[in-house]
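What follows is a set of structures to go through.
Okay, so subunit A shows up in both of these, paired with subunit B first and subunit C after.
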Partner chain A sequence: MWYRGGVGQWSWILHRVTGVGVLVFLCLHILDTFLIILGPEQYNHIIALYRVPLFRVMEVGLFASVLFHALNGVRIILIDFWVDLTRFQRRLFYAEVACFVVVMIPVAYLMLRPVFGW
Partner chain B sequence: MLVDVRIKRFRPEQDAQPRWAAYRVEAEPTDRVLDALNTVKWRHDGSLAFRRSCAHGICGSDAMMINGRNRLACKVLIRDLRPPIVIEPMRGFPVAKDLIVDMDGFFAKYRSVKPYLITEEPAPQAERPQSPEQRERFEDTTKCILCGACTTSCPSFWANREYLGPAAIVQAHRFLFDSRDHGAAERLPVLNERSGVWRCRTIFNCTEACPRGINVTKAIGEVKKLLLRQSVK
Partner chain C sequence: MTTSLSYSSPKPSGGFELWAWLFMRLSGLALLGLALGHLVIMHLLNNVDAIDYNFVAGRYVGWFWRGYDLAMLLLAMLHGLNGARTLLDDYVPARRRRAAVTLLYLIGAVFLVMGTVAIVCFTPVTAPHS
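For the complex of A and B:
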């Protein structure tokens, strides 16, 4: 099902992928919190998994997903309520990407610093 | 010059699945894709089936997927495409033969939004006058030629064939925003259904596919806002 759509199509696909990603994390998070019924020691043991460097890198991915999903959602809301913005939809997407990068760089640095010892 | 053309072919009488066929045709850079298709049909393989009528971008018969995008074959020049030229039928409609798709469902949806003037006012002696501003309100959506390029570029339509699709909504818009028309009460319930405008995800493939340059996403957005205002009232 290949179609050479524009930025609108790709942002829509990313919106879906990040949305599902965040949902999967949420289910995982509900599950790990629920494991408190096994007792404090077991819970701590399981939660310690989040300290593994790989998990921290994945958390950066989680933050990126939430951030993209939120920014893209705002872009769609703006276009849906102020339909004249449809003329600038590509520029709005590029502005969204710029906001994403500006926020992601310091956040990724701060989140990964403890793991990589920066 | 010689141009490589790859066409997704399907002959229902002998093919279980569509198959790709390659042709090398003589064409000028300023020729249109339609000319290349005619060359294939007239000189290489007479069994190739595709629709065309006016061949000048007005009738909307020859919409197809060219190099991954929905275009009218009569409006795309060969020099503007990167070879090989890959031609497929529009996505989402049943394929009848080769590049010919079954558009019955498309026109059924078109008819469902009642794309004609609805008014209780008696017919006047001359015309029904309208100011330039009132006419301008729906100018963009009068340009639709019902080629189907927008509807078959829409991921929401691919996912759910019940969706009215951009073309039918554009036609509804053309009458909803016409000051002479009073048919909103008949059209809006159709547009407000689960298969109506709310399936639109503001993806813009329709706007980019429209060979007439209609801002389809804006028209759909205006219909959405109209429905919202009606329900808030």
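For the complex of A and C:
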């Protein structure tokens, strides 16, 4: 499966990649939450994994994946229901990327602050 | 079917596929609030240093957050499964597609049950002081 190049190609690939990534994480997250049935000590031990520095960096990736998937989804919905916007679809994609960057910079800073002691 | 100009899936003409197409868009909008809200609450308003057994126990005293999490779990899993089905349709050879989709649904059902049990049945025991 392949679309004709350009920004549409990239948004389409990124939508699939972030979608699969978030689904895989969702399954892991259901598993770790389910293990709360083992009791406080075991659950606290398992959930501490989220505080490991490598995991915190991956959590920023998770946030970025959900945010991109959401923004790109909004763009798809806008174009699906207001066909006139198709003329602006390239500009819509650039607006989406701009929103993504503007949100992710403070989010990454706040999430990584404890790791780097900022 | 018309050629998609939006680089999204072309709108199906009817039947199950049309409902699936519509579901992806509606659940996507709901998850925009639910999933991003969940991330903001857990990683920005709180952070992973604060999240432990007592934190969950405190959140799950009432039914509001259980309801929130249950809605998010159901919508996210169905949205994800339907998305994954689309990928299997595109990348798995026709003769193995049916088996692949069945396996996908089975795995999804197991996780959906596990998540539901955790949210609905959780009753905190006295937690050790951390």
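Here is the rule we go by: the second predicted complex is superposed on the first by the 114 of 118 C-alpha atoms of A that agree within 3 Å, B and C clash if a C-alpha of one lies under 4 Å from a C-alpha of the other, contacts with A are read in each partner's own complex, and residues count from 1 in each chain.
Here is the rule we use: a residue touches a chain if its C-beta (ideal position, glycine included) is under 8 Å from a C-beta of that chain, and two chains touch if they have at least 3 such contacts.
Keep in mind the model is a prediction, meaning the values are calculated, not measured.
Trainee: In this superposed model, does subunit C or subunit B come into contact with more residues of subunit A?
Mentor: C
Trainee: Under the stated touch criterion, which partner chain does A:Tyr50 make contact with: subunit B (first), subunit C (second), both, or neither?
Mentor: In the superposition, A:Tyr50 touches subunit C alone.
Trainee: Thinking of the overlay built on chain A, is A:Ile105 touched by subunit B (first), by subunit C (second), by both, or by neither?
Mentor: neither
Trainee: Quick check on the superposed pair: does A:Asp84 touch subunit B, subunit C, both, or neither? Answer first, second, both or neither.
Mentor: A:Asp84 sits against subunit B, while subunit C stays out of touch.
Trainee: Check whether A:Ala95 is in contact with subunit B, with subunit C, with both or with neither, and answer first, second, both or neither.
Mentor: neither
Trainee: Touch test for A:Val17: subunit B only (first), subunit C only (second), both, or neither?
Mentor: neither
Trainee: Once chain A of both complexes is superposed, is A:Glu41 in touch with subunit B (first), subunit C (second), both, or neither?
Mentor: second
Trainee: Would you check which partner chain A:Gly8 touches, where first means subunit B only, second means subunit C only, and both and neither mean what they say?
Mentor: both
Trainee: Considering only the contact definition stated at the top, list the common interface residues of subunit A for subunit B and subunit C.
Mentor: 1, 3, 8-9, 12, 76, 79-80, 83, 86, 89
Trainee: Would you mind writing out the residues of subunit C in touch with subunit A in their complex?
Mentor: For this pair, the touching residues of subunit C are 5-8, 11, 25, 28-29, 31-32, 35-36, 39, 43-44, 47-49, 51-54, 56, 73, 76-77, 80-81, 83-84, 87, 90-91, 107, 111, 114-115, 117-119, 121-122, 125, 127-128, 130.
Trainee: Name, in rising order, each residue of subunit B that touches subunit A in their complex.
Mentor: For this pair, the touching residues of subunit B are 65, 67-69, 91, 153, 155, 158, 201-205, 207-208, 215, 217-218, 221-222, 224-225.
Trainee: Can you tell me which positions in subunit A touch subunit B when the two form their complex?
Mentor: 1-9, 12, 76, 79-81, 83-84, 86-87, 89
Trainee: Quick check on the complex: what are the subunit A residues that touch subunit C?
Mentor: 1, 3, 8-9, 11-12, 16, 19-20, 22-23, 26-27, 30-31, 33-34, 36-37, 39-41, 43-44, 47, 50-51, 56, 59, 62-63, 66-67, 70, 73-74, 76-77, 79-80, 83, 86, 89, 107, 110-111, 114
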